[in-house]
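In this document, chain identifiers A, B, C and D correspond to the written order of the chains, with residue numbering beginning at 1 in each.
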Amino acid sequence: MTVGLVFVSHSSKIAEGLVDLARQMAPDVPLVAAGGMDDGGIGTSFGLVTDAIARAEAGDGVIILCDLGSAILTADTALDFLDDDARSRVSIVDAPLVEGGVAAAVAAQTGDDRDGVAAAARTAVPAA
Amino acid sequence: MTVGLVFVSHSSKIAEGLVDLARQMAPDVPLVAAGGMDDGGIGTSFGLVTDAIARAEAGDGVIILCDLGSAILTADTALDFLDDDARSRVSIVDAPLVEGGVAAAVAAQTGDDRDGVAAAARTAVPAA
Amino acid sequence: MSLGAEWMIDWVRTSAAVIADHRVELITLDREIGDGDHGENMDRGFSAVLAKLDDLPADALPADVLKLVATTLISTVGGAAGPLYGTAYLKAAGAVAGRVELDGGALAALLRAARDGIVLRGKAESGDKTMVDAWTPAVNAADAAVGQDAGAAAVLAAAAAAAEQGAVATEPLIARKGRASYLGERAIGHRDPGAQSTALLLRAAADVAGGVAAP
Amino acid sequence: MSLGAEWMIDWVRTSAAVIADHRVELITLDREIGDGDHGENMDRGFSAVLAKLDDLPADALPADVLKLVATTLISTVGGAAGPLYGTAYLKAAGAVAGRVELDGGALAALLRAARDGIVLRGKAESGDKTMVDAWTPAVNAADAAVGQDAGAAAVLAAAAAAAEQGAVATEPLIARKGRASYLGERAIGHRDPGAQSTALLLRAAADVAGGVAAP
C-alpha cells in the first residue's frame, strides 16, 4: 500500500493527463483525477474531489495537489466535510500541479509516507 | 497582437486542457498545445513543438512552458533548428507549466511584452 | 418584527431570480478581471437551490434553509464562489441554529457568521478586492443598526446599502486574492464580481423583508 | 585502415538491430529508475532511421549518414534520448564534415563531438548517472588509443569497452539529471538506461569495424 494522490484541476483533461503521466513512474500508486466540473466544463467539483479522496485512500493517506486558487478552496471545503478520521489522513500540498504531482507520485511509489510525499511535491523542480 | 504561448507537455491532454483553462482569461492570446508524441502517446514531439512555435507567433514573439526535463530538451532542440530571426523571438521560461501558463496567458492578454510574460510565469503562485 | 423560515425561503427564491436577472452583468464584470464565469456559476448554483427548495420539510427552520443553500452551492457552483458562499451560508446556519424567528440581532449575527466563514475559507482581508469588501461593511452596518434598536427589515436594509457601497468601493482597488490578482494594477477601475453578487443577495434579503414588514 | 560511408551505414543498421534486440532490457532498466520507455523510444527512433537509409544518395558521406540519424532520432524518439542522441549525431556529423574516410583520429574526434553535444544539450556532468558516464570514458579511451597510433577499429574497440565499463559504473551512483533524479538514493544499484544504450551503440560501431577490418 502507498500514499494516494488526488489531482484537482479546473480541467478534466489536465487532471487525467497528469494521471497518465505520473502512472508511468508510479504504477502502483492510487492516482485519481478530479478535474473539471460535474458536467466536464472548466471549473472544480466538490463531488468529484470528495469521491477522488475516497478512491485514493488505500490505507496510507492521501495527498491532494491543486492547480489554481479556487481548486484549493474546493479541496479545503471537501476536507471540512470528511469525518475526523478520514480528515486526519488527507492533506493538501502547496506545489505546482504537474511537476509536483510527478515528484509526489515517484515518492509514493517508492514507499514514502505522507510527509515524504508532500515534501517531494514541494521540492519538485523540473528534472532535465 | 500579443505574445504567443506554447505549452509543451508529455501529455496531449495536459497541454490541451491548459489551453482551455488559460483561454478563459486570455481569449485573444495565441495559445498552442504541443503535448504528447506524434502518435498521441506520452512523450514529447520535436515536430509538434516546432509547429506550435510557428502557430503561436503573431508578431510579438513566443514564450514556451514545459512540464518535465525532457520536454525542455525537446523545446531547446526545436529552438536550435529555427533560423536566427525566429529564434531571437522565442524563449523557454522555467516556470510551473499550469500555474505559470495561466499567469503568462493573463500577462500576454493584457499586453505585456515577452519579458513581462516570462516574468509573470516565473512569479506565478497559486492565486486563492 | 422578526423573520422566519418563510422569509428565508422567499429570500432564497428572490436571490435565484435576481442572480438570473444579473447573470450577464456578473459575467461581464468577471470577464474584465477574471475568467468570465461568475454569473454562470452563481446562476447554476441558485438554480440548483431552487430545484431543491421543495424538498424542505414543512417545519424547516431558517437554519435548515441556509444549510440547503450551503451544500447546494458547494456542490454546484464550480468556481471560487462555491466554497466561499457555501461556507458563508453554512456558518450562517450555525449562527441561527434552532431559532424559529430571527430578530435584528440574530440577522446581524447571521451576517457576521457568513462573513467570517468567507474569510476563514478564502483568507482575504479587507481591501483585497473580493466579496469580503461587500460583506464587511454590511456586517458593520447591520451591527450599527442593531445598536440603534432597528428591526429585522431595517437591519437588512442597512446591510444591503453598505454592501452596495462596498461593491462600488472595490473599483479602485488592486486585487490580492482570486483570479483578479493576476492582473496587478490592471484590475484598477473594475468592480469585483463577487462583491457585486454579494450586494445583490443582501439587497434581495432586505427587499423581501421590507415586503414582509410593509403591509 | 579507415572507415567510410559504407561502414557508417552498416553501423547504423547494426545499431538498429542491436537496439531492437535489447529493447526489453532497456525498458526494464528504465522501469527501475525512470518511466520504462527507453527501449521503446530507442527502437522507435532507430526503426525510423532504418526506413530512411535507402533515401540516402549513393555518394553520401559519413556526415550525411550521421545527419540523417540525428534528425530522425530528434523527430521520432519522444523521450530525453531523442534530443540527446540527436544532438550527439548532429555534432558528430559536424566533426567529420566533408570527409570521405575516417581514420582513428577522426573517429575519436567524432566521439568527442558527440559527447560534447550531449553535454551541451543536457548539462549533465560526469557522475550524474546519465549516458554521459558511458560517453566520457569512451571518448577518453578513444583518444588514448589514437595516442598509441591505433587504427580505426582499435579506436572504436577501446571506446566500446570503456563505454561498457562506464555503463556498469553508473550502478552505484545517485542521479542528478533525468527522471532517475526523482529517486534520490533509491536509484543506487540500478544501471542508467541511457548509459547502457550508449554502450550498445558503441559496441555495434566496433563490431562492424572489426568485421570490416578483419578479412
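Note that a residue touches a chain if its C-beta (ideal position, glycine included) is under 8 Å from a C-beta of that chain, and two chains touch if they have at least 3 such contacts.
According to UniProt, the chain labels map to these proteins: C, D = Dihydroxyacetone kinase subunit DhaL.
As the structure is a prediction and not an experimental result, all values here were calculated from the model.
Look at the CA centroids: the one farthest from the centroid of subunit C belongs to D. Between subunit B and subunit D, the centres computed from C-alpha atoms are 31 Å apart.
The distance from the centre of subunit A to the centre of subunit B, with each centre set as the mean of the Cα atoms, comes to 24 Å. Remark: subunit B and subunit C have CA centroids separated by 39 Å (rounded to whole angstrom). Looking at subunit A, one finds that residues 24, 42, 68-70, 73, 102, 127-128 touch two or more other chains. Contacts with at least two other chains are made by residues 35, 37, 80, 122, 177-179 of subunit D.
The full set of touching chain pairs reads A-B, A-C, A-D, B-C, B-D. Contacts from subunit D toward subunit B in the complex involve residues 35, 37, 41, 74-76, 78-80, 82-84, 86-87, 121-122, 177-179. Residue ranges on subunit B touching subunit D, taken from their complex, read 37-38, 41-47, 68-70, 73-74, 76-77, 80. Within the complex, the subunit C residues that touch subunit B are 34-37, 80, 122-123, 177-179, 181-183, 186. Residues 24-25, 102-103, 106-107, 110, 120, 127-128 of subunit B touch subunit C in their complex. Residues of subunit B touching subunit A in their complex: 9-18, 20-21, 24, 35, 42, 66-70, 72-73, 94, 96-100, 102, 126-128.
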